[in-house]
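Multiple structures are listed underneath, in structure tokens.
Both complexes below contain chain A, partnered by chain B and then by chain C.
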Partner chain A sequence: MIKLQNKRGGEEILAMYWFAIILIIAGGIYLMIYYFYGTPYDIRDLESRILMNQIADCVSYGGKINSSLVLGGIFSVNQENFLDTCHLNFNSSEWDVEQFYTEVNFYELDNLENSSFMIKKGNEDWEANCEIQEGEDYEKLAQCAEKSFYSVDETNNQYIIKILTVVRKSEKNVKL
Partner chain B sequence: MLNFKKNKIATIGETLTWIVATFVIIAILAVFVIGAMGMSKLKDVSSILVSDSSSDFKEESQILTTKTSLAYELNNENKKIIEEAINEK
Partner chain C sequence: MKKKKGQMVVSNVIFIVLNLLFLSILTLFIYKQGNGAIVLEQSYAKNIALLIDSAKPITEMKLNMKDAFKLAEKNGISREEIVTINENLITVKLTENSGYDYSFFNNVDVTVYPDLISENNYIIQINGYK
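The block that comes next holds the complex of A and B.
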């Protein structure tokens, strides 16, 4: 009789053990899913490069600067209409504040230190993020892309064009 | 006496098996969890595309270089100054 009682106790301990094992496995599966699916795909770098290419295509095509921007060495672009000219829209209904910033600088060869003309569009607050390119919080900051290229205007005046594009959208691309 | 000792050894052996099995389960789970953590770090799309030699991403980044080459076809004066300026900026 005593022996039977002991047997029952052993079964209960084994049941608890299995219950603990199930909990451990469930916890492990939860952690795996949490880490993998909880981290969003970060496409901001890609987005900033695409934006840069779009702006570069708008500013210069086939090696020549867009005549609506520079004509005969004179910058004729209206800053307000720049985004419309390039078929861009930085205002998205998804966000309360603009998540993009772009800066296009035109440098003449005789004065490469100071830009002859500058176009700034978007939220200037994100520009400061470009200064910080390393550290733990770097991924949470806006991503920047900057490149320069050479182009000529209608009258063969030479320009170096530097484009900076910044994309924030941290909430959708990084686990904050 | 001998029978009681044998039973005790059997009980200890069985318990030890379960303990080892538990550790094995935890170790396997830990490997998978660490793997999931590592894979989540690979979710930066651009780093995958840059490392993938078969992707068009590298060609895509050559667009500005192509623009410069096309502009040289129109006016290739001061090429050295231009190259230096582009690399510097």
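The block that comes next holds the complex of A and C.
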């Protein structure tokens, strides 16, 4: 009689143990799913690369520098109109402050240390983020893309053009 | 003895049924989360923003939005209301109480409308620079 009672008690403990295991597994899966689907898709890397390519196409197309930017070795671009020239719009009703920044540097081949001409547009605050591209909080910072290429103007003056693009939009792309 | 064996079979069957029930609820939960309005709205809005950003004028793009159509229909949202563009802000709306906005930087004039020929597509038309 005592043995039978012990066995019943053992079965109850086993049932509770299974119940606890199932609850732990369900809780774990719920947390994983919540974290996975609760984290926004981060497309800033793609956005900064697309922006960089759009600017590169605008500055130089088919290896020739846009004549509205450099003519006969003289930089004629109006900094104010650069975004309009390249058909870009950095303002949006979605954000209070601009979420983009771009910097285009023109280097002559005999002087690659100092740029002959520089174009800066957007919010300069985000540029500092490009220096911190590792660590725990890196993903929460603005994302940067950079490339340089060779191009010539109409009078065959040769340049190396460096383009830096920065996209922030952290609130919409990372779980802060 | 026979009664004890019968009890064991019943408890095993109950245990298996409960386990199956647990697994099916879990699978349904995962499926619902992956196909939920919040996830789909965000995914389509960002997809459309990237397509517009990388497009050149006089381009027509077709985006398969079968899942969005299905969900919107269930929630009483018409196809024309799913994607709207205001200035450079895209809004994707799949339920009455939700909606996701994402902006694009390409300064182009865009028209969006559901495809009448292929029922699963949405057409994104880049008309020209602003």
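The rule is simple: the second predicted complex is superposed on the first by the 144 of 176 C-alpha atoms of A that agree within 3 Å, B and C clash if a C-alpha of one lies under 4 Å from a C-alpha of the other, contacts with A are read in each partner's own complex, and residues count from 1 in each chain.
Everything below uses one rule, namely that a contact is a pair of C-beta atoms (placed from the backbone, for glycine too) under 8 Å apart; a residue touches a chain by one contact, two chains touch by 3 or more.
Computed from a predicted model, the values in this text were never measured in an experiment.
Student: Given the alignment on chain A, is it a clash or a fit between chain B and chain C?
Tutor: In the superposition, chain B and chain C stay clear of each other.
Student: Looking at A:41 after the superposition, I want to know if it touches chain B, chain C, both of them or none. Which is it: first, second, both, neither?
Tutor: Both partners, chain B and chain C.
Student: Given the touch rule stated above, what does A:75 touch, chain B (first), chain C (second), both, or neither?
Tutor: Neither partner.
Student: Classify the contacts of A:22 with the two partner chains as first (chain B alone), second (chain C alone), both, or neither.
Tutor: Touch status of A:22: second partner only.
Student: In the overlaid three-chain picture, which partner chain does A:90 touch, first (chain B) or second (chain C), both, or neither?
Tutor: second
Student: Of chain B and chain C, which one touches more of chain A's residues?
Tutor: B
Student: Working from the superposed arrangement, determine the closest approach of chain B to chain C, counting only CA atoms, in whole Å.
Tutor: 8
Student: On chain A, what residues does chain B touch that chain C touches as well?
Tutor: Looking at chain A, the two contact sets intersect at 33, 40-41, 43, 46, 53.
Student: Any idea which chain C residues touch chain A in the complex?
Tutor: 15, 22, 26, 29-30, 33-34, 36, 38-39, 42-43, 46, 49-50, 53-54, 86-89, 101-103, 105-108, 129-130
Student: Show me the residue ranges of chain B that touch chain A in the complex, using the header's touch definition.
Tutor: Touch list, chain B to chain A: 18, 22, 25-26, 29-30, 32-33, 35-37, 39-41, 43-46, 49, 57, 60-61, 63-65, 67-75, 77-78, 81-82, 85-86, 89.
Student: Would you mind writing out the residues of chain A in touch with chain B in their complex?
Tutor: Interface residues on chain A, with respect to chain B: 17, 21, 24-25, 28, 31-33, 35-36, 38-43, 45-46, 49, 52-53, 56-57, 60, 62-64, 107, 109, 112, 147-152, 156, 158, 160, 162.
Student: In their complex, what parts of chain A are in touch with chain C?
Tutor: Where chain A meets chain C, its residues are 18, 22, 26, 29-30, 33, 37, 40-41, 43, 46-47, 50-51, 53-54, 83-84, 87-95, 99-100, 172.
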